[in-house]
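What follows is a set of structures to go through.
Common to both upcoming complexes is chain A, partnered first by chain B, then by chain C.
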Partner chain A sequence: MREAAPKAATRRKLVNPQIMQLLGVSVALIVLAAVFTIASKGRFIHPDNLLTVARQVSITVIVGIGVTFIMITGNIDLAVGSYLALSGIFLANMILLGVPWLLAVVMTMVALGLLQFLVGTVIAKQRLTSLIVTLAMLSIARGIALSWSGGKPVYIENDSFMQIGNGYLGPIPIPVIIAGCALIIGQFVLRKTRFGRYTYAVGGNEEAARSSGIDTDRIKISVFVISGFLTGLAGCVMAGRLFSGSPVAGQGFELDVIASIVIGGTSMNGGLGSMIGTLIGAFMVGAINNGLTILGVEYYYQLMAKGMIIFLAILIDRWTKKVRV
Partner chain B sequence: MSSVVVEMKNIRKQFPGVLALDDVSFQLIEGEVHALVGENGAGKSTLMKILSGIYHQDSGSISYRGREIRSLNTRQVRYLGISTIYQELNLCKNLDVAENIFLGKEKVTALRVLEKKHIHEEARKYLSMLDSAIDPSQLVDRLSIAEQQIVEIAKALSYESQVIVMDEPTSSLTLKETGKLFEIIKRLKAQGRSVVFISHRLEEVFLIADTASVLRDGRHIGTKNVKDLTYEEIVKMMVGREIEKKHAKTGTRAERKQGEEALLEVSNFTVTNLLNDISFKLYPGEILGFSGIVGAGRTELMETIFGLRSRVRGEIRLKGRLTQIRSPKDAIENGLAMTSEDRKSKSLFLNFNIRENVTISFLRHMTKSGFISSPREKKFVTKFFTTLNIKPKDTEFPALTMSGGNQQKVVIAKSLSTEPEILIMDEPTRGIDVGAKEEVYGIIKALAAAGKSIILVSSELPEILSLSDRIIVMNKGAVVGELSNEEATEERIMAMSV
Partner chain C sequence: MKKILAVLIVLLFAASFSVVAAPKVGVVQITLEHEYQLILHQGYIDKAKEMGAEVTFAITEMSPERTVTAAENLIAGGAQAIICAPGDPASWKAVLAMCKEKNVYCLNDGSPQPEGPDHVAFIGTQSYNGGQKAGEFAVNWINKNIPAKTKIVVAHLTLPTFTDCVQRNKGFEEYLKANMKRPYEIYNDVGSGSRQGGLTAMENLLQAHPDINVLFGCNDDSALGGMSAMKAAGKKDAENLVIGFDGALKGFQEIMKGGMFRCDIAQQPYLYSTMLMERAVKLITGKAKLADYVKEGTILIETPVVTAANAKEWYDKYAKLMPKK
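Our next item is the complex of A and B:
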């Protein structure tokens, strides 16, 4: 390698591909928002609509933070949509049993955390791929939610709890605040703690991580547990919005979450990624969902559009990661 | 027989952050064996990858048999007559020899169905050109590395290749297999083909090559007939400075003190089918070499000691105390460290930069009030830039784009970060150039002089002879002999290894 090269300018300015991707997606987002605004004659940009988008995106972000941790380690979780429903059902039933709502929320988070602890342990110790295990959990969790609730929504009648999904702190909806806090904490943990660094290490090269003295099983299980807590929380927020625990909530949600994460620059192979990326990706997906709905586009076309965006996102992910030679 | 087969003129190739090739020219003559030498990062592999179509040059021209070739993909280049055989070997292990040779050129019947009958005969034809008795219906997975290499060469023949590029072909071969390979190269030469031979092992250049071209830092330094060259001259061209060729046998330890206690004692290590009742001792401040051929079990032994593998039986005593090591974490906490044989898959994080790679085992000490402090990390890592001469001296430089030698130094830095008392180094100079090798030897000697104990696993006899105080020879999973620095010679070690 030429160290004392006169090409010092090119040598120093190694443009971080991750940052490039984030910038690219941000620009795309702005363009998309502009397009929707014009097409909807300003309805997209209306504050009420933006609040709706923000609320929807909040749920994706809360779950997305957990799944980002999982994906950075090189794993995946396909069951988050089912967990969302399961959390809501669990919460609603706890409240029905008379548990104070705040405690019920905490219990829900712990319950999901425990569930994910089991899932994570199976994946780590049995060395099964997370794809298959979480695919199975997708059905199992949905089945539990449906059978427990008898297939019907479980209503929650508790005014103070309603705040969590529908209330405001000043001008900002509470779900947004929750998502914002989770995001900041998540990004901080990822970048500034040893745990976060180990997460990148396990995803980057699991064997090297083990040789370096990292307890890779513990890291893998931990990211699933974190995701469990966050999904439980998101399920509660959603239940708050719906005034009920709904057994059919979150169908297809995992696609939105994974799309957000990949658009945001997290690699499917692990080792790379950031929370900020997930945030921008979630806004992208949320904007598409919302914009197409406002414009009256039929659901079927919305699905196609979403699928194509995901496809594009993955292509761009590969394209920017490869060194062009 | 002096027509030019390949002519590469003024090739320039820029990668993000580094100029890999700067105005490099290269000429290959019909029927010659042309060695391409240079330090890691000098640009040899890059130049050949451009020739074979994997990369495209930024500027400069390539002609094959007088005709300029431009923007060809690897498949087209193969059909043109230029084949490349890589160090990592590009065979499909789940297919048999014949299927591999005809991969991409499968014969089909009129109904587009694969025709399997004739390929075994055809394959035999090419294998016999190389005087090889390999069975074409044998699964490649079952073949040794040397045999797989022969299959690759047969594949090149099946494309009627006039130019065969071999990138570090001898790195995984025994002495005997290397001899066989050279026979094959001579045959290819006799058939009028040309061979480009990339190798670090300068002794081989003198054995097999007609011409040698030296690259350094992306520039072409010179091309000469091998018979007009001396070892010192090549090294000087490669490195830009004089290097001692042979090391004096330097045991770095003074006479072992009477009754000195072993720092590490390994007893009765057994792993089913891999290790058989292995015991040895390691003393403070000594360099203990482990010699043996590929497959003798040395790496497996080290991995077991370090906690990466579980054993059926065996005990470890550190300073006399029975110690449980069940994971690398335990090993590190007990003052051990290891650099693995295959850094890319086992030790190096390609998604990390230098700083993140070096500190990963020692993060606990990089924190300020519980959170990672970048300034502290940088300060810690910068020390290693000087002691190990890592280039570039930039803590944020991505490991992915570093040269092999510098990557290896980063791995060594990581292993030293935890201040171990015992350092296990498995093939620490594999795939790195003469200059970097010397630096690593200096580091090893300095560590031993400072009182650390080093276990050195190496397949390079000169290396192990010049560094070790004692040498343990392994064969088929067992210890077959132990030699002191004075008694050890290459012949004696080889005799015990086979």
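Our next item is the complex of A and C:
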């Protein structure tokens, strides 16, 4: 006798969790933009202002791409703000020495890449927590920047270099174009290459990844190197914006970067994340800063509002992420 | 009926010309965690109200990149003039370039910078001269109160990344060098412009030089923090001298108590902010020309020396100027 057929399994909606993450944070950003637009009587949505926000977040995006790679592997980098300052000082001094600015930019990226190679190697080979190592580097790098510059900005008198921070290509600010290029390359590497898949694997389950033959140490070191290159580049863009290398630039910047990445759906535990999410998260943080200033919100309330908006954004993100796989 | 409608339309049309948008001024302040800045803030608000202008603020926490971002956001919010307090010359240059690009008036509230035809020069404190006055008070007090046999050990707390503080320390040190006839030792450490920073720096200095009997803080907060360290080390009021700079209410209170805090070099933030706001509004409304203010150049206002003789008077004056909650 045939047994009764089991009840039809409940239909489960299969939705890519990453898409749900992006959807959630996008909804949050749209809601935020709408609120700011209405409250500012359209000023927030003005193309000029949107380009301003885009230029402001471009540095966060460039650094964020690198740190997203790091965080997907389950690590973190708290020193990016200090690296930003160090990059600016390095670049400014190279230009002062007569190095052509384009070469100086490349040298800065390589220098930061090498520095992060050392950091990544210490973390990977010595099995040290990235939180502690990069916390130490936060102080070390800042100290180097301050002592090298004597605590003062190092001025850059080079009009063509300044375009990197203040110039336009048509109506688009050059920092936005640089960030866009970095984003496209980062997204391609993460989603379309074996390296990208290995990055997710290391973050998802390092033991399993190692057992399946992935050189997890090499992946960890590589993501730090990538972050170093990108932070070096971002430091050059910032130096262009400030007409100088500033030893005090980037203080607290790591918080903005990490907030952007987490809002964008990258998991603090590793294994999950996307460049597009980081981009949306960076816009969220930038829009909050911009919108609250335009609206003339008192500074003390701005600090509270920023925290609450980020909290709400994450809640909306979690609420829209109703998926069972 | 048609005639009534026509009259109404004409009246409405005429009325629309009589509605003039209020002049809008954006103010970039370095912080609101300081009495000087709070009084400055209140001065801007009071003068803007008196002149029928709108004022919006952005706070930078002394970060150069946030200074640039703040100015961008204020301009995006419709500011027709920016009163900017750059912590360093590099961010000032960037803000100036931005204001020029957007045809927005720019006024300097931070520190003396190279003057130009496109902005209103600095109105503020004679920081170097104020440092010299602190030095003068120190020399006179030492000569009267420290016995000839007693070693003179001077400490001064600095903030190397803030131009005004650099000038104050420089003025103090140079006055001592030129006018102190007795042998003395002088040491410095970074007080970070805060009580916590002053306390830590002074504790470290006292460890290395327990005989310190004179302290100059580049601002009141660091001086007060340093004084706490001196008291904790058992220093007696009668044998020691602390001098502050700013004119914080707490500084005046300490002077009135008759302890080791005997002198405060006071700034006049309410005066500066009201002068700057008046200039900004007059420029926007066409009641003044930029060229006239450019011709005036930098205006450095004398710093009153507050001692036991006049501390009460200054305390009462500044207490009235603190923000109304």
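Here, the second predicted complex is superposed on the first by the 288 of 325 C-alpha atoms of A that agree within 3 Å, B and C clash if a C-alpha of one lies under 4 Å from a C-alpha of the other, contacts with A are read in each partner's own complex, and residues count from 1 in each chain.
By definition in this document, a contact is a pair of C-beta atoms (placed from the backbone, for glycine too) under 8 Å apart; a residue touches a chain by one contact, two chains touch by 3 or more.
None of the values given here were measured: they were computed from a predicted structure.
Undergrad: Considering only the touch criterion stated at the top, classify A:Gly252 as touching first (chain B), second (chain C), both, or neither.
TA: In the superposition, A:Gly252 touches chain C alone.
Undergrad: Touch check for A:Tyr300: first (chain B), second (chain C), both, or neither?
TA: second
Undergrad: Given the touch rule stated above, what does A:Ser244 touch, chain B (first), chain C (second), both, or neither?
TA: second
Undergrad: Pick one for A:Gly186: touches chain B only (first), chain C only (second), both, or neither.
TA: Neither partner.
Undergrad: So chain A touches chain B in one structure and chain C in the other; where do those two contact lists coincide?
TA: none
Undergrad: Of all residues in chain C, which touch chain A in the complex?
TA: Per the stated touch rule, the residues are 32, 54, 56-59, 61-65, 68-70, 72-74, 76-78, 87-91, 93-94, 97, 160-161.
Undergrad: Which stretch or stretches of chain A touch chain B in the complex?
TA: My answer: residues 1-3, 5, 7, 10-11, 14-15, 191-194, 197-198, 200-201, 203-205, 207-215, 271-272, 323, 325.
Undergrad: Under the definition above, what is the set of chain B residues touching chain A in their complex?
TA: Against chain A, chain B makes touches at 14-19, 22, 41, 54-56, 217-218, 306, 308, 327-329, 331-333, 338, 340, 345-352, 356, 360-361, 363-364, 367, 370-372, 391-393, 397-398, 402-403, 406, 414, 418.
Undergrad: Could you please specify the touching residues of chain A with respect to chain C in the complex?
TA: These residues of chain A touch chain C: 40, 43, 46, 48-49, 52, 55-56, 59, 150-153, 155, 166, 238, 241-244, 246-253, 289-290, 293-296, 298-300, 302.
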